[in-house]
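Per-chain numbering from 1; labels A, B and C assigned in written order.
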């Protein structure tokens, strides 16, 4: 029976191997045919031109801009919310706020997308800013949750020690507890970044999806994830390969983020 | 007649030797008490008797432990051994299920399926553990709702339900109040007519009240083993004397 | 009276402001969706068959339930089996264990669109299942596997060792102890994981568009295409003709998600007190 349980446990390993095999197997040939440099650094994405152009630099830039925007807006609020939940919130308020934050994490991407289309797009158009604000809200609960547990894991005597030296409550929290939990808080930010880069549906609905290099945050932009969903429905041959290769780029980026995360988590324990 | 014969028993946890050259035997229909300060190896010895020490990683045993003449570290199925040698733990550990299912778990494990036989086993063991009257109206309710003393008697009943030959008890009253402790001691004196009992205890009064034989342990060695009366009135070894008169850790 | 320094006041202000902002965002989003959607919830929205006039969400609702049941029936045995291996059998620090943990962590971080791509390449094309309930649910099964594994393992580890000892001491074997004592005691934790997984499935879109397809019907069998509520909403937003019905659908989806969260919180609350008396 031990063997049966072991096999069940190996399912995860098998799944990762299959995902790598099929993604790389289908994406890398197209990548090589287009040329790695032309693909990654090409500024033109024109699959129906003759000859077609497959440069995904605009999408890489799009993903980075949108993610950066989401982090700038989401990280401060997320961490401060975590501080509030872990160290400030009165217990009676916590009973409502904590489930609320969990709910925020549970709202489906499409619902966020619908909200963004009607509440953000009329003010900020379909743009990097709209997508950034929406993503900032979406990654906020994830970051707040992880950072909160990191803050709670800090031994109580750190706080007491700070108070004993005459620090006020907030000073103790911000100058002693928060720095002591910095690895966990950083892990929360990295996780939020991974979520932002990988988010698809909400971004498609508010970012405009134009495959061009953006000049300002008020312009529309297309992310790597959007590129796949937008065109996979009708793409064929090399175009299809190029979309899968886009998925490969995204996958490799996420693997790197995961690597950072597990390194951080190892430092925490 | 001896139920247990222990010869040249040594036990290591990794590199640490927890038991050194133990030689002793326990007689049928008697209560044998194992006493000694914390960390002296008495609980460890108890666990070697139903091989619960198998669960501890890095545990190694040499020598032999014979149950009615059969080496339990030889060709014996460990689950059969534990059916014959029941155990009750320091902290009551009822399973998170009904009183009935707690008691029936053992018989079911060993293949009893008939409803009638299970009912009978449950009633008999609860009666034998002197808790029947307190729980007969709530057999279907969770065992976690019982008081600590009731939980411990339930655990004794649970051990009895598989019809063991020997009952091992590891400080069974250390987590209980004096009244519950008294009830359990009374129960053990009654049970000794039908079962051989080996009990680890911290409480020397308890050992004198209920046991027939007493073994004193110190730092993994058995210092002295004799009738309880002798151990407490005229011990042969200075260290035993120091301990039973309270001059020792 | 104790004097409070200005910096202390400032830190208090930004902390409260952030919490207020988070709570405000939640209330605004939920309020907004309700405000836009509730007026358009009509009986025709729940007609048994979808057409472009009634824009019924019922087929999508049924498909969502079928998708969740099917995905869980694949993922739950694997997740629990893996959790049992890690919590009850494996030795700490063993190389296989580290590999399994690494794989599970990796799976947990992969974005849903990558799952969608993989599902399309493997289940839809390579295995030839086409866009189908089966391909979609297999894709989602892999996606929720790490979640079930982690919650299952935590639930098993929180079962006190005294239960295991008690069972072994009665002569029960390892397997009987796991199935009759440890797993039943871990059910609340496992259930909490299942509820979260259902939430992920109900909210998933990107992994399903190119695996389960977007046909708005109650699928007659597992090889037929089906769109879940989330996919249905996305399809409505793309068409741009039925935005109001889209918001009404969003209300239903939101209620489903809130319901799931309430159940999860209830279960989590129960777990907190479950093993206290032992």
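Quick notes on this structure:
Basically, a contact is a pair of C-beta atoms (placed from the backbone, for glycine too) under 8 Å apart; a residue touches a chain by one contact, two chains touch by 3 or more.
Just so we're clear, the structure is a prediction, and the values are computed from it rather than from any experiment.
Annotation of chain A and chain C: not jointly contacted by any chain, touch as defined at the top.
Innermost chain of the displayed assembly, by C-alpha centre distance to the whole-protein C-alpha centre, is C.
With centres defined by CA atoms alone, the chain at the far end from chain A is B.
Once the centre of each chain is set as its mean CA position, chain A and chain C turn out to be 18 Å apart.
Mean C-alpha position of chain B lies 47 Å from that of chain C. Between chain A and chain B, the centres computed from C-alpha atoms are 57 Å apart.
Residue positions of chain A with contacts to 2 or more other chains are absent. Every residue of chain B that touches chain C in the complex is listed here, in rising order: 50, 52, 55, 57, 79-83, 86-87, 89, 91, 93-97, 105-106, 109-110, 144-145, 155, 158-159, 162. For chain C in complex with chain B, the touching residues are 91, 160, 162-173, 176, 180-181, 184-185, 274-275, 277-278. Remark: chain C residues 4-5, 7-8, 11-12, 14-19, 21-23, 25-26, 28-29, 32-33, 36, 77-82, 84-86, 88-90, 96, 99-100, 102-107, 109-118, 120-122, 126, 142, 145-146, 149, 174-175, 199, 202-206, 209-210, 230, 233-234, 237, 246-247, 250, 253-254, 257-258, 260-262, 264-265 touch chain A in the complex. Taken together, the chain A residues at the contact with chain C in this complex read 1-2, 4-13, 15-16, 18-19, 22-23, 26, 76-77, 79-81, 83-85, 88-89, 97, 99-104, 106-115, 117-119, 137, 140-141, 144, 168-171, 173-174, 191, 194-195, 197-201, 205, 225, 228-229, 232-233, 244, 247, 250-251, 254-255, 257-258, 261-262.
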